[in-house]
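Heads up, the next two complexes both have subunit A, just with different partners, subunit B and then subunit C.
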Partner chain A sequence: MSKQVGENAVRVDAYDKVTGRAKYTDDLCDRGALVVKVCHSTIAHGFVKAIDTSEAEAVPGVVKVLTCFDVPDIEFPTAGHPWSTDPAHQDVADRKLLNRHVRYYGDDVAVVIAEDEVAAAQALRAIRVEYEELPFVLDAQEAMREGAPQIQERYKNNILAHSDVRRGNYETARQEPGLIKVEGWYDTPTVQHCHIENHGCFAYKEAGRVVVVSSTQIPHIVRRVVAQALGLPWGKVRIIKPYIGGGFGNKQDALYEPLCAWCSTQVGGRLVKLECSREETFVSNRVRHAIRTHIISYVRPDGTLVARKLEAFSNQGAYASHGHGVVAKGMNAFPQLYPCPNVECDSWTVYTNRPAAGAMRGYGIPQAMFAGESHIDDICKAIGMSPLEFRRKNLMPVGYVDGFSKNELYSDSFNQCMDKGMELLDYQRKYQAYQNQTGPVRRGVGLAVFWYNTAVWPISLESSSCRMVLNQDGSLQFQTGETEIGQGCDTAYSQMVADAVGIPLSDVHVVSTQDTDVTPFGTGAYASRQTYIGGFSIAQTAQALRERILNIAHEQTRMPVSNLDLVDGQIVRKSDGRILKSLGDLATESLYSLESSRHITAETTAQIKSNAYSFGCSFAEVEVDIPMCRVKLLRLVNVHDCGRLINPALAEAQVHGGMSMAIGYGLSEELKFDPKTGRVLNDNLLDYKLSTFLDHPALEAAFVENPEPTSPYGTKALGEPPACSPAPAIRNAILNATGVAIDSCPITPHILYRKFREAGLIQE
Partner chain B sequence: MEKHQLQYETVRFNLNGRDVERTVDVRASLTDMLRNDFRMTSVKKGCEVGECGACTVLIDGETFNSCIYLAVWAQGKHIRTLEGVLGPDGQLSDVQQAFVEEAAIQCGFCTPGFVLTAEEILETGQEYTDEQLRKLLSGHLCRCTGYENILRAVKKAMYRRLGKEPPQ
Partner chain C sequence: MYDIKALYQAKSVADAVALRLAHPEAQIIAGGSDVLVQMREGKRAGAELISIQTLDEIRGVSMDDDGTIRIGSLTSFSHITWDPLIQKYINVLGQAVDQVGGPQIRNIGTIGGNTCNGVTSADSASTLHAWDAIIELTGPDGIRRQPIHDFYIRAGVVDIREGEIQTAILIPKESYENCFGHYIKYAMRSAMDIATLGTSVNVRLSADKKTVERARVAFGVAGPVPLRAVRAEELAAGQPVSLELAERFAQAVKEDINPRDSWRAAKDFRIHIAVESAKRAFIESVKLAGGDL
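Our next item is the complex of A and B:
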């Protein structure tokens, strides 16, 4: 029997995508759609006093202009989290469809609905908004101070949430004589996802219900949010998700679907479309939380961690979106990654007048790893220990179990990954060779590991549903609520289905589009959960389908079920291996039977009450031109233990993409804010320094495969992990090259100039 | 208040081997005309200001960002979109085949533009180094692949066309 799992199957969508036939949201929209454009605030904080729409309404082709004074008085949450029936665990509802209280430069205050793009754009320019301006604040710690501008009425000192971790007694433990204290502050920037397809959606009414076709990662969640925002019963909303041009977490939020749906309802249910421009995508969608982290470690000279303290300040921006979960995930990784008996951690998520921060690939872990792994190398420098030796001594040991998630480290993933990465980069020899260089151009190597856990149990629900429908020819369609967003889950799932049902891969047809009217419930693409979580419902549904098939085979062949098997699309008698009939013949006979006609389907829900650690590391080699304050990345190696690889070629491709995103995070990407107005200064792909083809060395991805025991396919997270450790590895390579410890990313020439001057490496 | 004055012009050009004509708003971009009037939806919009490369088309054999090229400038030109690269029976070009084989496709949104630029590069019949290919392809942004497998795919197609084994 041919096994598909583990093979480099060609992507099921490769042909359609490489020919340009794959249809994305805007490709599907009828050209007769009315165009919706959003009027964004031109102040960072204040109240809309009045809006004069008369000139805008007079523009020929304008159908309607609606403002923050017209929207339903309903505040709704947007985060792409599973709903909680416990009000205490529900996401914060803190925005309306359009907002009178403007909380960032670019907030949504009005919309134009027009016959075409030109009329909509002209009308937008003709809207006159009168504001009562208020002071604004862009920095999280400044926003926490007494007297700072109050951004959300219900949250004193702008603190959306605070949480902590306490182990042992930090204050007592740090008194031990002879300890070395290492302290650092680490800053990470506000960055944006920059999927090449901007978010967009279109909406219309059909049979009294609102239909929204959207570029989203989370159709079932968006249905709930649209209904909440419009005050509709959830069944009155239908969401359709076609192929999407990347998401990376930005589209793990209800973005403009609620507003677009509402606009349709305001023009009699006519078809309206709302497409974000690139500039809107940068400012008025979601961004990654900028997090400032303060770490103090007390270490014995032999490298034993005695007491550690962490404080993290997460810049939430104007609206809660994913909120505190992001920094909390990073904080919770801290005591697990390097277990220490005495730990004190605090994290705060703080509203500011920046764009709203939401989910982005890694969900708090790239920030936490930049801080944590930079700090580890700072400790190594302070005590004179090699970064590798220190990590081998202190990293989470095999057999470690986290008390809350019950996650266990079953294998020696960290050492195996580091061994592999070290060998690939020739790390140890280079680390020694690059010590104590002189001269203007120096080389260095750096290492960083990462902690990641798959999926969201037990913080939230983990559930996946799958449906399989057998065709007359023995092929089948399957559907899940989990979404293809470019990562390749449609292909990985098809491979799983082929093996689990016992049919050739060519007989497996994935229904890629999610339509909440017909797709079984699932919460979508996030938390690197797809292959892990989807695997459960696929395995379970395949089992149910096989049982039905074999029962019908028994009726048709009179052989006992116990002596029947389904192998490669054939009904086989186990005792002698004889093929009794093809699955196609069985299905045709079953469907057209004049005695007992049945179509053969199965549908089940799997609730998953487990979770899995997914670990690995990055090794970087850099060349630093000190007088030019430039870093050239010479090599980057990522090594992952994501369990058993379902499709090694797609896994490798996935890792490349994460590494690329992390190179930008480490070296070039940052949204810049005008301190005078709060406006984003570089809201375009020219000024926002996304990595180009020329900014990368060859990307090297490698794997260690320890099958994950809790997964039916031995798999675990891979989507986000590749983005977690390259930035600190690059930072640590610069430390190795120059002896200079950088405390923020992106590590631009501006940062290097300041730090090299402080270190006396360059003069004025 | 300026009036919403419409000005139209008729533009005649060759699209994927077929002579066509359309009357278009003089302010329309080539992207708009190709997507809206001809439904060439392989021409993608990622920025509409010539930064991302997703809207790339071949104009008289040369790649352009169609979003910053006026529709009326198409007059008399030969324009090729990805729809015109596919063989008459749906056969993939060698470049497309290499993209499939090298797992160079993820979300697929930048793919049409990359394929067309790769076609232009390989049309020269020259052999390029990795660095040269990176530079030639750098007008396209991709957030999924880290460009790695795209480079592998273009190299693979290049060496196949040259009838050479890629250097180890």
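Our next item is the complex of A and C:
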């Protein structure tokens, strides 16, 4: 039997995408659609007292202007989490379609619906909003102080949530004589996903229902949120998700689908479209949580961790979105990654007047790894131990089982990944050679590992459904609720289907579009879950389809099922390997049979009650031009153990993308806020310094393949892990090069200038 | 979809001048890489435009009879970079404009637009200042020429008078002969960026390459408009070539520059980078001129 899993199959969407045939949301929207534009607040905090729309309504081409005084009095949650039937575990509902209580500079207060973009833009400029301004706060720790502006009425001191971890007795353990105390504060920035296709959607009414076509990662979840926001029965909403130009977690949230759907209902169900500009994408979609982390470690001189404390303050921004799950994930990784008998961890998620933070590739782990892995190198510096040796001694050992998730480290992933990365970069030799350099330009190497786990069980539901429909020629269509968002899951799934059913890859047709009216339920693309989770429902549905096929083969060939197999699209007699008939002949005969016509399909749901660790590391080599305050990244190597590779070429591409994102996180990207107004200063791709090809070295991806025993395909997370460890590896390489420990990212020339002056490397 | 009130297509320079007089409120558009961005942002929404895009008579690089290098205002950045005259006589200008934006912008963006914007960060501007460029304007009364230093009035404002359009940028022979220069664009990333600081230095050495006859240095983003650091230039003139001179020359630029504190970069940081860039660009220019350091 030919095996597709493990091969570099060409992406199933490659030709359509490179020739421009692939349809994205805007390609599908009728050109006659009305245009919706959102009026955003020009204050960071306060109340809308009045809105004068008269001038806007007078602009030729304007159909309607709606404001925060017109929307349904319904607060709804937006996070792209599976719904929980337990009210205690449901996402926080803290926003309306348009808001009178304005909570960040850029909040949504009104909309214009017009016949074209120019009329909409002219009307937008003509809207007059009168505010009652309130003080605002942009920093999480400041927002927790008594007397800070109250952003969400129900949350005292703006604390959305707090959680903790306690192991052993930190206070007692740290009293041990001879311990070395290492303490640090680490800051990570507010960044944005910068997917190439801005979020957009269009909506219309059909047969009394609302249809929304959207650039989203999570169509089934968005259906539920739109229904909740509009106060509709869930069955009255239909969501269609075509190809999308990336999401990285921003589109793992209901963004403007509810507002767009509501706008259609306000103009008699006419077709309306709402497309975000890049500026709106930066400010009024979602961002990554800026997290400030305080870590104290008590270490014996031999490198044994005795007691550790972590406090993390997560900047939620104005609305809960994904909320506390993000910082909690990072905090929970802390005691697992470097097990220590005495640990105290606390994390807070705090409302501020920044844009709402949601899901973003890595979901709290890039922040946690920047803090945690920077701190490990600070420990190494303090006790004079090599970063590699310290990690070998202290990282999670083989056989470790997490009590909550029951995740187990089955293989020696960390050491194997570090061995590979070390060898590729010649790390050991360079680490020694780069100690104690002098001169203006110096080189350094750095290492960081990462912790990640796959999917969301047992915190949330994990389930996936799959449908397969056999055609007369023996080819099939399959559908899942899991979404292609550019990462390549349609291709990986097609390879899995080919192997599981026993047909050639060319006979597998994926239905890429999700339409909640016809696509089986699945929660979508997030948590690096799809290859792992989707694999279960594909394997199970393929098994069901094979059983049906072989039963019909038995009827058609009179051979017992036990002696039949389906191999490469042929019905084979197992005892002698003879091909009895093709699957196409079987399907045709079955469908057109005058005795018992049957259309051959299968559909199943797989619930998954497991989860898998996915670990790896990054090695970086930098050249630091001290007088110019500039870091040149010479090499970056990522090594992953994500189990068995379904498609090595796509896996490598996935790693490259994550590394690229992490280079920006480490060196250049951050949203900047005007301290006087709370406005985002750099809401565009010129001033927001997304790194370019010229800022990248050749990206090097390597793998260690220990098949994951809980997965039918031996696979586990790879979507987010590549973005988790490069930033601290770069930071640690700068430490190796210059001896200067940077405590925040991005490590821009502005930061290096201050730090190099402090360290006496630059004199004025 | 752009909010454009009217578009007038100029058929010749004379026609452009007539259109300017007929529609004094209208904005000139050449490549569009700045004007259209501003219209999209709403800043020039509803504007009338006069397009000079098709006026080939002011496109291209040539040499006048007296040896002056003439760069037509509509010449795109990529054409400047690849032009043989530029490569032979003022290669640094080609290198500087090759760092504007990305390839698409360099194909549509023009040097005329770059200078008429009057912004301090323009990659062409510091080099044109350092090479004493002359701006040629054509108006109802004919041609008017003025040094680029005088063309820049203040941030975002240049000296274009009623009915005028900029038609060429001229580099006199005396300015470029035996001169070698180097431009350092200091930006937050290696492409698709605007300069945090731009430094353009050029030198002319004595025949034996031992002495600096003339050194010129100009900066972008070291003040509201591009500016020359004349005290550093005076200090270097006539001095023997040495690393120590490079250091003193660089330190002296602080006497003339005046960058501001902004959210994009702090003043002290910009000054630090200006000094370091001046030193490096001076050393590189001397090496290009055949000097030994």
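Quick note on the criterion: the second predicted complex is superposed on the first by the 764 of 764 C-alpha atoms of A that agree within 3 Å, B and C clash if a C-alpha of one lies under 4 Å from a C-alpha of the other, contacts with A are read in each partner's own complex, and residues count from 1 in each chain.
Criterion: a contact is a pair of C-beta atoms (placed from the backbone, for glycine too) under 8 Å apart; a residue touches a chain by one contact, two chains touch by 3 or more.
All values reported here derive from a predicted model rather than from experimental measurement.
Enquirer: Touching A:11 in the superposition: subunit B (first), subunit C (second), both, neither?
Expert: In the superposition, A:11 touches subunit B alone.
Enquirer: Answer with first, second, both or neither: which of subunit B and subunit C does A:758 touch in the superposed model?
Expert: It touches nothing on subunit B or subunit C.
Enquirer: Quick one: subunit B or subunit C, who's touching more of subunit A?
Expert: The partner making contact with more of subunit A's residues is B.
Enquirer: After lining up the shared chain so the two structures overlap, which partner does A:517 touch, if you call subunit B first and subunit C second: first, second, both or neither?
Expert: neither
Enquirer: Give one of first, second, both or neither to describe whether A:61 is in contact with subunit B, with subunit C, with both, or with none.
Expert: First partner only.
Enquirer: Quick check for you: in the superposed arrangement, does A:748 touch first (subunit B), second (subunit C), both or neither?
Expert: So A:748 only meets subunit C here.
Enquirer: Check the residue A:132 against both partner chains and state whether it touches subunit B (first), subunit C (second), both, or neither.
Expert: In the superposition, A:132 contacts neither subunit B nor subunit C.
Enquirer: Pick one for A:245: touches subunit B only (first), subunit C only (second), both, or neither.
Expert: First partner only.
Enquirer: Is A:689 in contact with subunit B, with subunit C, with both, or with neither (first, second, both, neither)?
Expert: So A:689 only meets subunit C here.
Enquirer: Looking at the overlay, does A:171 come into contact with subunit B only (first), subunit C only (second), both, or neither?
Expert: neither
Enquirer: Give me the intersection of subunit A's contacts with subunit B and its contacts with subunit C, in residue numbers.
Expert: Common to the two interfaces on subunit A: residues 118, 122, 685-686, 691-694.
Enquirer: Give every residue of subunit A touching subunit C within the complex, in rising order.
Expert: Residues 116-118, 121-122, 125, 627-629, 668, 672, 674, 681, 685-687, 689, 691-695, 748-750, 753, 762, 764.
Enquirer: Going by the contact rule set out above, which residues of subunit A touch subunit B in the complex?
Expert: Answer in residue numbers: 8, 10-11, 13-24, 26-27, 31, 55, 58-61, 118-119, 122, 126, 193-198, 243-246, 248, 277-278, 485-488, 649-650, 652-654, 656-661, 684-686, 690-694, 696, 698-699.
Enquirer: Any idea which subunit B residues touch subunit A in the complex?
Expert: Interface residues on the subunit B side: 1-4, 25, 27, 35-36, 41-49, 51-52, 54, 81-83, 85-86, 90, 92, 96, 99-101, 103-112, 115, 130, 134-135, 137-138, 140-151.
Enquirer: List the residues on subunit C that touch subunit A in their complex, please.
Expert: Going by the criterion above, the answer is residues 1-3, 42, 45-46, 186, 188-194, 196, 263-266, 268-269, 272-273, 276-277.
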